[in-house]
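Both complexes shown next keep subunit A, but they swap its partner, so subunit B is in the first and subunit C is in the second.
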Partner chain A sequence: MSDQPAIKTENLGRIYKIRGAKKGEARQRVALADVNLEVPRGEFFGLLGPNGAGKTTLIKILTTLLAPSTGRAFVAGYDVARQPQEVRPRINMVSGGESSGYGLLTVRENLWMFGQFYGLDTKTTYARIDELLQIVGLADRARTKTSDLSTGLRQKMNIVRGFLTDPEVIFLDEPTLGLDVGASRDIRHFVRRWMDDRPGRTVLLTTHYMVEADELCDRVAIINNGRVLACDSPANLKRRLQREAIFKLEVSPLRNGVLAAFEQLPGVRKVVHSPQDGRSELDLILEADEALGGVVTALNTHGAHILNLQKREPTLEDVFVDLVGMSMTEAEKAGEQELMGG
Partner chain B sequence: MFKTFSRSFFPAAWLGWQIESNWTDPFLFLAFSIAKPIASVLILVFMYNAVSQAGPDSPIYSYIYLGNAFYIYVTEVMAGASFSILDDRERYRSLKYIYIAPVSIPIYLFGRAVARFTTGTIAVVITLVAGVLFFGVPFNPLGVDWPMFFAALALGIVCLAFMGIIIGSWTLIIRTEPWFVGEATAAALYLFSGAVFPLSILPVWLQPVGFLLPMTYWLELIRRALLGPGAAAFPTLSAFSNAELFGILMLIAVGFGIVAFVAYRYFDRRAREEGMIDAQSNF
Partner chain C sequence: MSTLITTRPPDRGWRLFVRTIVARAYPRVIGQQREKAWIFFETFLPFLATVGYIYVYRAIQAPEDYIGFVVMGGAMTAFWLNVIWAMASQLYWEKESGNLALYIMAPNSLMAILLGMALGGMLATCLRALVITVLGTLLFGISFAVSSYFQLFAVFVLTMAALYGLGMLLASLFLLWGREAWQIATALQEPVYFISGFYFPVKSFGFAVALAASVLPLTLGMDAMRQLVFASGPSLGFLSVEVEIAILSVLAVVFIAAAKFWLDFMERKAIEEGTLTDRRR
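This part shows the complex of A and B:
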């Protein structure tokens, strides 16, 4: 392995042309803009952002599936656009939320075949398959046809496929998407253990699950609308909000327009409102505890009753809110509306 | 180079065979393998009987029967190679994982074409046996020039695989309904390949298309190898010796090989620019 960083991007950008755009509508969409990242070898690096933020686009470029529109990207020291044949033996990828794989092959056959594509000899391939299937709890399904596997088990097989080749850099694109809690936990444990056992290997994980990024990643880049807004360790990112006071309130349902009034209150930095069944949830980022009094008074003025109030430590979600001005869910909705509006 | 060939070709051929032989139960597979080729050739046999009084002894009958039987390879190998791209991308959602592996996609397609060649061979053999046993196709195993037959067959299959790679590469960038591309191309080329009638029947301005296609020379060589002098049903290519036909076929094979290489590089670059490697077409 060379001493080059595992991943490096320089002013990386990607623009998609919008097919069938009518007159007056946007003809292109910026998926990535001026992304500059450097991931040293041995790091567990996370890309955190809502759906449509540009995470998958970045992974596609880094894995040689997609050409960048501007800038350059390097994986294991090789230019992904100009030297894809040097990049490919050194990487692998697992995407979540899809049912890839040849359903007519058994789990073992599917995995063996991918081992062959990477030039592994059959003995080594089978030894690794058996070991990895054991670790992810799929050993008893080795001879089951892939089409007979549940979504979670199929995703575990895909995880094994990705790690089977012992790549220098592995890209995990929402690997736990759509999985139940138990399967997600198993996969997180497996990936963490793989990293611990192989210093020098690098993982790039995209996720929109804050807890996943917080639990696994050495560093996290927060990305929205194709731009990297911040990049640091989860602890350092959260430290940005250490001086602020963060409260979670459950109140009776709020009337329209009340939220705007809260944001005008002195000491209130951000308010995120999540309507729930028969109640409202408010996440407040305040400059200091003292600002809470104003919020409580305002709630009373608008006839809302406090059902629950909790002060809590900052999370990566709060960091995202602080950077973007809205929650991850709201950012996703905003992105969808922007797309629909052209 | 050998390593890339080995890890691209052999697993692809193995996968292709698994897909081709396991898509249904053995009984249905056998029925389909027998019924489909025989049905297609029977249509021509009955049409021939309806419009011609010459009977099966006429060289034209063997010309049509063999041309049609061996054209099965065109659909299987050429269309099959391009279909592999779609199968992997759209049905199995695995193309992106194969694409980012250190394999050569053209060689991978070549491997997949080998599996289609195998199933094609089953269909061709069944059609030929049925022709000899039931439909009066003259065939004398002792009179066959077997070395010439196998040499022509191999060269023709290589040409078809190159054509499959060209169409498969093109398929990479087609967004809407790309499933028809391989079979539609095979069907369109049927007209120009001299499979069921000689090129001289085509309008003069269309004949050059036929003369540029490898199938034209390949089918002629196959007929000559299997039937000997009886292959001379039409004078279109009779001026060419076997060696000349082989030479032309060889040149065309090299030409298609170069075009396949260039086409793959071009369409691969475009597919990466347009984000089509893992796209789903609008079907």
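This part shows the complex of A and C:
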């Protein structure tokens, strides 16, 4: 089965029943719809999307923890719903903020335990644990009780747990969630290095950090509301915005409602407003440089002062805005409101 | 990392099953050495209750063997506490901590995880039960008259199999009930002490009640052990030891089979509905 792609999904969908839904409320939620992906072996693949986009749902299906409602999914050539016993020995998963294992055990003992669940003999397990702990910089904590670890060190242990079994396909669900800059960087370096050292191994990473997707992934699928909107290399995705001009503007605080008017201006594709303390930040996606004049004039009419103006290269965030029509933060807010029935 | 040392391919099948049991039993056995406070409470509290009964029996001048009955009851209490608090509510706790998802995702079977939990808990508790027995024997001068070591061993093993089988069944049932499980566990604790005759022979309940109480493995287990260990045991016994052994065997098989059935059902349900592996819901 090693000629099969690492991951393949066909019209994959998942609908959750909502328990205890009151009259008039939705009884089910479409978390994933019509997902068609193919990830070849050896690829570092990213899933980028806001909260509630369906990233974890997709990972749960691929790791045999959740049944698809429609369509099919294959990992390492095996059907996740029909042949979970073939899929399971070949995969592993690490999630952000997970608290797996037992606090009373030491780091080394916890890792040994999880290795046993995959049938590794004790000698191999300890040799790998010591090697991997060394690489993530946790070797001096091998005999620390797990409950005494900080969040960052804890997550490094979880990472070692996932890679310990040398999986053909590893699923990383927001592995750097809530970590400080240093720990996040260590984890990113570790995964990158593992990929370089073990050709043919596949990583599927979900994240809502743009930089993470951009820096690590060979290809990225942008997902929102359960649907994959685009799937390509970060460079190609950004190339879609090549003809557009992107500006970052800092202005004195703007009143609400002014923005809608800006988007009506000729040549303005999209304006994302992020209010800051004492000022407003605007990201403008324009069809061409010339449209900037109109925006500046409009700002003047509204009595706003320009504090800073910068032209910049497109990021994956801009790609998301271009595809969805709003920023990731706005998409998350919209999703929450929908859930609250607003 | 380019090396990732491999000496031989990972085990599958029954070897993996055994590895999983041992690995899951490990934290239970180790845990009790690390948390000295647990040992204290789980040994000392049952012992205290035992001592209370002993003084009552001495005060009312009950037959001397009753003191032995109570010490044995106290020792067995440790196992019931372990089943209620560390087995029945355990899978629910594993779900909350995210372990359950990892256990389902691993190539082992959940049954091996449950068996490991049971085995580890049993071993750890044996030590406590032993301490209670030794202390009670020395402090209150209990005299034993073992009639058959072989039967005694068989009864103990079967009682443990049935009791922990029940624990495994409760564990997968409690997974369905979630938080209410804690209240159920608390509610079950005392009535079971009473109904299964921890501190007096169940024969005193009369046949019908004693028979109903026999659904709990400890009832017949303790009754048979008392008959085998104390001189006056047989005269106070409920059914003959042979019959009790037969019933205990049936209970062990039924509970373990039911646990397996429920566990498979829960795993399927978890995967269908997506609720059980989710910490937030």
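Going forward, the second predicted complex is superposed on the first by the 340 of 342 C-alpha atoms of A that agree within 3 Å, B and C clash if a C-alpha of one lies under 4 Å from a C-alpha of the other, contacts with A are read in each partner's own complex, and residues count from 1 in each chain.
As a convention for this text, contacts are C-beta pairs under 8 Å (C-beta built on N, C-alpha and C of every residue); 3 or more make two chains touch, one makes a residue touch a chain.
Keep in mind the model is a prediction, meaning the values are calculated, not measured.
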Inset, instruction - Return fit or clash for subunit B versus subunit C, each positioned on subunit A through the superposition. - result: clash
Inset, instruction - Go through the superposed model and pick first if A:D166 touches only subunit B, second if only subunit C, both, or neither. - result: second
Inset, instruction - Return first, second, both or neither, reflecting whether A:R198 touches subunit B, subunit C, both chains, or no partner chain. - result: second
Inset, instruction - Would you check which partner chain A:S252 touches, where first means subunit B only, second means subunit C only, and both and neither mean what they say? - result: neither
Inset, instruction - Classify the contacts of A:G101 with the two partner chains as first (subunit B alone), second (subunit C alone), both, or neither. - result: both
Inset, instruction - Give one of first, second, both or neither to describe whether A:Q83 is in contact with subunit B, with subunit C, with both, or with none. - result: neither
Legend entry - Touching partner for A:T64 - first (subunit B), second (subunit C), both, neither: both
Inset, instruction - Return first, second, both or neither, reflecting whether A:E131 touches subunit B, subunit C, both chains, or no partner chain. - result: second
Inset, instruction - Using the superposition on chain A described above, determine whether A:N51 touches subunit B (first), subunit C (second), both, or neither. - result: neither
Inset, instruction - Could you let me know whether more residues of subunit A are touched by subunit B or by subunit C? - result: C
Legend entry - Set intersection of subunit A contacts, subunit C complex versus subunit B complex: 16, 19, 60, 63-67, 85, 88-89, 91-93, 95, 98-102, 104-105, 109, 113-114, 116-119
Inset, instruction - Report the residues of subunit A in contact with subunit B in the complex, numbered from low to high. - result: 16, 19, 60, 63-67, 85, 88-89, 91-93, 95, 98-105, 109, 113-114, 116-119, 161
Inset, instruction - Mind listing the subunit C positions that touch subunit A in their complex? - result: 1-8, 10-12, 15-16, 19-20, 22-24, 26-27, 30-31, 34-35, 97-99, 101-108, 270-275, 277
Legend entry - In the complex with subunit C, residue positions of subunit A that touch it: 14, 16-17, 19, 57, 60, 63-67, 85, 88-89, 91-93, 95, 98-102, 104-105, 109, 112-114, 116-121, 123-124, 127-128, 131-132, 135, 145, 165-166, 193-194, 197-198
Legend entry - Residues of subunit B defined as touching subunit A within the complex: 3, 6-8, 10-11, 14-15, 18-19, 22-23, 92-94, 96-103, 175, 269, 272-273, 275, 277-278
